[in-house]
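For clarity, chains are labelled A, B, C, D, E and F in written order, and residue numbers in each chain start from 1.
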Amino acid sequence: MAGRVEAFRNQRTSLNKATLEGGTLVTKRFFNLDTRCYEAGVLDAKTKQMLGLAASLVLRCDDCITYHLIRIAEVGGTKEEIAEVLDIGLIVGGSITIPHIRRAHEVIAELFPGDE
Amino acid sequence: MAGRVEAFRNQRTSLNKATLEGGTLVTKRFFNLDTRCYEAGVLDAKTKQMLGLAASLVLRCDDCITYHLIRIAEVGGTKEEIAEVLDIGLIVGGSITIPHIRRAHEVIAELFPGDE
Amino acid sequence: MAGRVEAFRNQRTSLNKATLEGGTLVTKRFFNLDTRCYEAGVLDAKTKQMLGLAASLVLRCDDCITYHLIRIAEVGGTKEEIAEVLDIGLIVGGSITIPHIRRAHEVIAELFPGDE
Amino acid sequence: MAGRVEAFRNQRTSLNKATLEGGTLVTKRFFNLDTRCYEAGVLDAKTKQMLGLAASLVLRCDDCITYHLIRIAEVGGTKEEIAEVLDIGLIVGGSITIPHIRRAHEVIAELFPGDE
Amino acid sequence: MAGRVEAFRNQRTSLNKATLEGGTLVTKRFFNLDTRCYEAGVLDAKTKQMLGLAASLVLRCDDCITYHLIRIAEVGGTKEEIAEVLDIGLIVGGSITIPHIRRAHEVIAELFPGDE
Amino acid sequence: MAGRVEAFRNQRTSLNKATLEGGTLVTKRFFNLDTRCYEAGVLDAKTKQMLGLAASLVLRCDDCITYHLIRIAEVGGTKEEIAEVLDIGLIVGGSITIPHIRRAHEVIAELFPGDE
């Protein structure tokens, strides 16, 4: 499991490069807007990343879940806070989210190694 | 538009009663769990309601959106905070969420009448 | 609420007529296949309608839910059986299905008037 | 049924105004991008609107379907072309799209009155 | 392909352990409820597992599909019954379910080796 | 990455065979209908494949996306046309489609090697 986060980061960087090279001006602008909407505003960056995690969980996108977990850890979120975000996703989205929650815990274990 | 929030509350109360009467023990327990997961824990109640709103928006459920908007207003959330939650939903979920965001603004206008 | 089922039946018949008139051969064949897949085979008609209900609930389509509720009642299903089908949908699909379950109970009340 | 298209246009204009007033800079930029991506490029405007229709149908958004049907008619698309777009959505998205296809035919009947 | 079912069982057990350890009381209670709703009630266990399969197929969750296929085989369901459940999912959910149906047949081949 | 398209084709052929052998008459007829709806009619084959791509992208099915990319290339579609189809999917479906768009660009790179 070691390196799951690092592998995700490397692949994401490489594929984003290809996507932006192959994409149109609309693609590029959307990517900018996507970055911008998670910047601190009235809500702080951690809350926004948690909102992104909840949305990604109920839409069941593993890559998006991994990305927001990494970002939450980077801006100071804790394992306990993440667990409560996952609960909202589980209750709203139902048991169909469980396989994604299982995989999220693998990423969480790597992001918070001292907490195990 | 006046009374949209009140009408929603009344209909929800009435239908929940019928649902719990017609439902099984599993139904009742799920409803309890649904209430419980939004109670303040490591995350406060407002953050949890905003997570519920983001999840409801990307899953495009108008009743759920209305419910969380009402609850956010009740626990002290502002129009400006809601706007940033809706933006995360819009970017994650795409233009398909726009009709729901439009209808959300009708509810917001009623919940925050002094802000217009 | 009285007449909800009758109104649904009338509107569905009328719109299906327009849909088939405006549709292509592919549309017509799909409609035939849709009818055929609910006919008794290794599984009986009631089980198949319940499968259609579970699928419709987690995909959150009120018209489809109403249709399968009507059909289940027609082939001899009971309120208690329907309640257990709705529970599977609720657990698999989460709280986002609740508004649809609430509306389903309005249809159920009309389909099983003697059971109230 | 008469006036369905006109009513949709009026409500959409009015609610979009409220949405943009209540929205953030991210909201406004997304709306701009949404408009821009349907402008003729390598693909012509009609093809792009048909792509929007197919996407809206499988995601089952009636407002979005109505919008793209209106736009297709405005840029010269025919009832026969629309029927084939709806077929792709029906086959890809399944019978769960049928209630939306039924309602689409009500809009189509109003958009192409001479064709009845 | 041999061992697909066994590998699934092992990974599921291991990840569920991590999920419950990292999860909250809400998580644990949801998992209990999830187990409980498939227990025989008015409907028997096989019918409930088939309902879970239909719901999982239209929501397109491979892990959930595999789980319900295994459980159906355990409680005495046949390949022919499963084929009819998959058909309901295919018709309701459309061609987008086909990749999941293809993968389901790999699991079915392993669960019913004598039937090939 | 070389061989991604070939591997997909081989696996699809092999699994479709198993699916049709294990499937019912409904399954077989659906597969026929699925093929038929992409045949040139009022709309040409390329437009229909692009409609299938847009629908597959917003429903986020990698196998379906790969299939339609291959077919678009076979009937003469270009990288630039595909980029505009992906943009419609991105705007309609939101950032949740991005991981699928990234993977689509890997397939595109293999399908259009001379364009890099």
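Keep this in mind: contacts are C-beta pairs under 8 Å (C-beta built on N, C-alpha and C of every residue); 3 or more make two chains touch, one makes a residue touch a chain.
No experiment lies behind these values; they were computed from the predicted model shown.
Centroid distances built from C-alpha atoms place B farthest away from subunit F.
In a homomeric contact, the two copies may use the same or different surfaces; for subunit A and subunit B, over half of the interface residue numbers are shared, pointing to the same surface.
Copies subunit D and subunit F of the same sequence differ in orientation by 180 degrees, per CA superposition (steps of 5). Across C-F and B-F, the chain pair carrying more C-beta contacts is B-F. Ranking all chains by how far their C-alpha centres lie from the centre of subunit A, first place goes to C.
Separation between the centroids of subunit C and subunit D, computed from CA atoms only, is 27 Å. Rounded to whole angstrom units, the spacing between the C-alpha centres of subunit C and subunit E is 23. Per-chain CA centroids place subunit B at a distance of 31 Å from subunit E. Within subunit D, residues 24, 26, 30, 33-34, 37, 41, 55-56, 58-59, 64, 83-84, 87, 90-93, 95-96 each touch two or more of the remaining chains.
Viewed as a contact network, the protein chains are fully connected, with every chain touching every other.
The part of subunit A that touches subunit E in the complex is made up of residues 60, 79, 83-84, 86-87, 90-91, 95-96, 98-99, 101-103, 105-106, 108-109. Interface of subunit A with subunit B (complex): residues 33-34, 37-38, 41-43, 47-48, 50-52, 54-59, 64, 78, 80-81, 83-85, 87-93. Subunit F meets subunit B in the complex at residues 58, 90-97. For subunit E in complex with subunit A, the residues that touch the partner chain are 12, 15-16, 18-19, 22-24, 26-27, 30, 34, 55-56, 59, 61, 63-64. Considering their complex, residues 24, 26, 29-30, 33, 36-37, 41 of subunit B touch subunit E.
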